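Scrolling down, you'll hit the structures one after another.
First chain A sits with chain B, and in the next complex the same chain sits with chain C.
The block that comes next holds the complex of A and B.
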């Protein structure tokens, strides 16, 4: 253990012991090169110490599930930014004469009710779903981790109030809340849907963040840093946040898949995204009444949706397996 | 134990008030109930004012809320768009949804726990990996997709069941809709049971029981299951909310005239009395289920009573 009273200015530098390992882990987490010569015997080989993040990254790199789902997600992100790469048509140019026809040359997935090309609509629909999923997850993760983290760190009355508030939001089943809330909100953009998902989704992440901040807060290094005069902001940013963020990442990744599924469900019920936005949920909803005549109109968007959600959930599973210390 | 019960019940009250206030606010403040009643053409001002007065809408929002809560405690949920009392609609809709939910929970418990126990005991073997992959796929496919696919395959193509459910909705017609409703939760229950059983199989008391010479079935049922099922029971209780939400989609697919159907009609017609009434009852059911689950958890796991 470092001796703070003898070397007050060295306490923040690596000097051997738990303090050093923790600081080195932080440097590792920020990708910095560890200063050579510290902590080990002089002249000995310096081995990069393993932190949670480098271990996790090593495990992830070798996990075929992670690689596969990461590739699928990268592909989805690329085609949601540039759908023209693989779909050359216009999703909104429809010809009623082609209504419900099967696949034809140049239109591999066939046509839907309005005569629009199903393939183009499936490709363009990725944009809406991925946008809603990513923005909603970012919003919920940031809001949840800030509120939950602060509540867990400071405790007391604020924590109790936050717990009751999150109970209130938990008490509304999310599809019901979506029906009620989004049916009175007009507008054809994605932002009401994103706002609603953030509003009802942050308590889940907040709860996890609060739990992990409470666990991180009880560690000795936090007490040591506080004894050395670290203020609250330094404690939060430098010590607690890097160590508490792992469960939040896991939950956020899995929540991403859930939110994409939720957006599709809300669009299917008619309260989510509305035409002319191209969304898989809207396509499935319109195709559902015609399932006996033309099942292809429903199956292709449904398949694309399922593959997307599956990719995100597999990614979340792989990340959780890599970050979970109990499985080491 | 008594103190724990009282504490939990007291915690439920502000949550109930907060949730109903939130829903009330969303429906009455964000939407305009009067405009919906007049249909597509706007009302003339005198009619609109009269409707407002009748529905107590000319008072500030918090007074409206208090008035509504007072009415609820007297059993009056207001009048729906077609003139029926909302309580009448509830009386016809809730038994159907209750039957559907019972079928779904039965599926969840029986199939989920059995599958979870089997895969938990054989962790790492092909059965386990296969079940994991299957549950993952089931979780990823949204409920409305599985509903339509099953309805198409079983109802239309192979003719095993009727594609839509009749008005009385007897139990045998609710089997496939119940399965569709339960599928995602079933997958979660399987995974949760599997993890729980895999953790507990390594516990000392299991080793002692086997060393004592107890038959395997007795070890599983008497010792392993009791401890492993605690998180599963908690999950199933909180899952009631997800089932209620999913019931809306399933009822729409299979044309079941339950709570989800009435709620959806109410939302289409912007009928605030129906919507707020039904959602309030659903929230009460959800909170009561959570309370029961917490109490059950305290009964099953004595450590929690003294927390």
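The block that comes next holds the complex of A and C.
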């Protein structure tokens, strides 16, 4: 039968026994090196306190995939805030006389159907993608981790209800859902699209958060903190959340890439962002029928979208490798 | 004048902790496991009670019930009282009970590495005690943390206050756990196998520290252990548990000299001793009972060398052996003499 106590009674567990001895030797040595009152230890003998996060950061800094993707993302963020830095034109000032023309001096990517400068539109399109990606991810991560975390911590009926509700959301095909929900929305802002992605995206993150909170709350230190008088909110915020947040960050970073491509998909289908908002998805949609006449119209925004999505997914992979040593 | 003075007006001080007829069960898928079946014990201030028993004897579950940290579900206290200074903890609401934990009674766990939060520095975790319970400022709490680390004799406490649990040795980590438990100078400490995960030399140091601090603060201490060697030096009283019941209670020295229960005798006989080197070590035959199906009568009867027909039929009550001793054995007289 399952052992109801948490504490095995064997006189000495093999790992605990030998580990403690070795640690002790090291520790006693360190203790001697540092007499009390000696403020700074002699150089080289002390390592800086290493936490999960500082370990992860050390790993990331050495990972070329992380550096490359971080540079691409930094660049995207900068141009989505200040597109004027690298594109002097106006994405909405178009001259039909230039319709579908190839690259020309000052217009390296050529012109689209409406005679707008493709280069300018690709640069300005970053803003929509990055805004939707970042906001939707933040929203889904916050909603998902709050609901999933509470469900995992308290369990019981609330947990059961929430799990079934997220099952229902999982059952909605995301593109079909987008066609249904967003086709009734009028207006050209990014918010309905973000709202829709958050609505369908939070169950995924909620499920991860719930699982990792359940794992974390079973740790002995949570029990110990409870035995020393910590209340529920303190247990959750201080002892459980920091130990459960890593998987959520990983999933959210990877989800960011997929949310950007989802926005492009919805815009392509005509239910996402709508003109005059400049979006890669809209441009791809308009170019797709002209691919044989003017492939440049499709290739540049599609290329920008691919690079962006790839950068975020690579970043997510790198973060996962750094935060989850078990996956190595 | 009558010779007998009447003393009606002086109420007797209730003992620090009194557990009365505690029953705890775990409702599992396979059935109800009766982990604790009517445990009673008393701990006074400045006194150490050692609770001895094998895995599954209910000693840790009793402690969790006292602390109010039983995992519920599946664990439920079904009967009994836990009186702390005369007040029944089981009748308190959750928030009052939480305030008792840490401030009035604290617990030390077996494995200090897993009992400390890996992402917080030890200084932070110690300081938290003062911030949570006394609303102290972060800065004051930190200097109290350093003071505590000094108190449990961690070398260079000031330098190490920012270190993380994994940077300490097993013994040092257990010292930190002790410091956390002591932080608010509670009246009662429950130490659940505090030295089991440590190696032998460190065990002695940690036990010594715990005993010394207990004297200094005159706290009550419940020491849960399966190690008779640890108990001898520090405990005042011993309660031996088997299958969720107390089978024998006695002052520590008497139990070593003349156990009054065959189970206690078996435990004492199975301690390795230097003068018996080369001989086969005694072991109590059989296995502890399955708590889902505790045998009828005395739970120890299938393993007991003295078992008779009555042991399979009747649950033995706690017989009074002497004013300070009790044994739950139908044949305690024979056990005492044999």
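Some points to look at:
The rule is simple: the second predicted complex is superposed on the first by the 280 of 328 C-alpha atoms of A that agree within 3 Å, B and C clash if a C-alpha of one lies under 4 Å from a C-alpha of the other, contacts with A are read in each partner's own complex, and residues count from 1 in each chain.
Here, a contact is a pair of C-beta atoms (placed from the backbone, for glycine too) under 8 Å apart; a residue touches a chain by one contact, two chains touch by 3 or more.
What you see is a predicted model, and the numbers here were worked out from it, not measured in a lab.
When the shared chain is aligned, chain C comes close enough to touch A:219, but chain B does not. After overlaying the two complexes on the shared chain, residue contacts for A:261 are found with chain B alone; chain C is out of touch. Of the two partner chains placed by the overlay, only chain C lies in contact with A:227; chain B stays clear of it. When the two structures are aligned on the shared chain, A:242 is found in touch with chain C, with no touch to chain B. Touching more residues of chain A than its counterpart among chain B and chain C is C.
Look at A:310: by the touch rule set out above, it reaches chain B but stays clear of chain C. Of the two partner chains, neither chain B nor chain C is touched by A:64.
By the touch criterion given at the top, residues 26, 28, 30, 33, 35, 54-56, 59-61, 67, 69, 75, 95, 98-103, 106-107, 109-111, 114-121, 128-129, 132-133, 155-159, 162-164, 167-172, 177, 180-181, 183, 192-193, 196-199, 202, 226-227, 290-292 of chain C touch chain A in their complex. Put simply, chain A touches chain C in their complex at residues 1-9, 11-13, 16-17, 19-21, 23-24, 26-28, 31-32, 34-39, 41, 47, 49-52, 219-221, 223-231, 234, 238-239, 242-243. Of all residues in chain A, only 164-165, 167-168, 171-177, 179-181, 183-185, 257, 261, 264-265, 268-269, 271, 284, 288, 291-292, 295, 298-299, 302, 305-307, 309-310, 313-314, 317 touch chain B in the complex they form.
Looking at the complex, you find that chain B touches chain A at residues 11, 14-16, 18-19, 22-23, 26-27, 30-31, 136-137, 139-145, 148-149, 151-152, 156, 241-242, 244-246, 248-249, 252-253, 263-264, 267, 270, 275, 279, 282-283, 286-287, 290.
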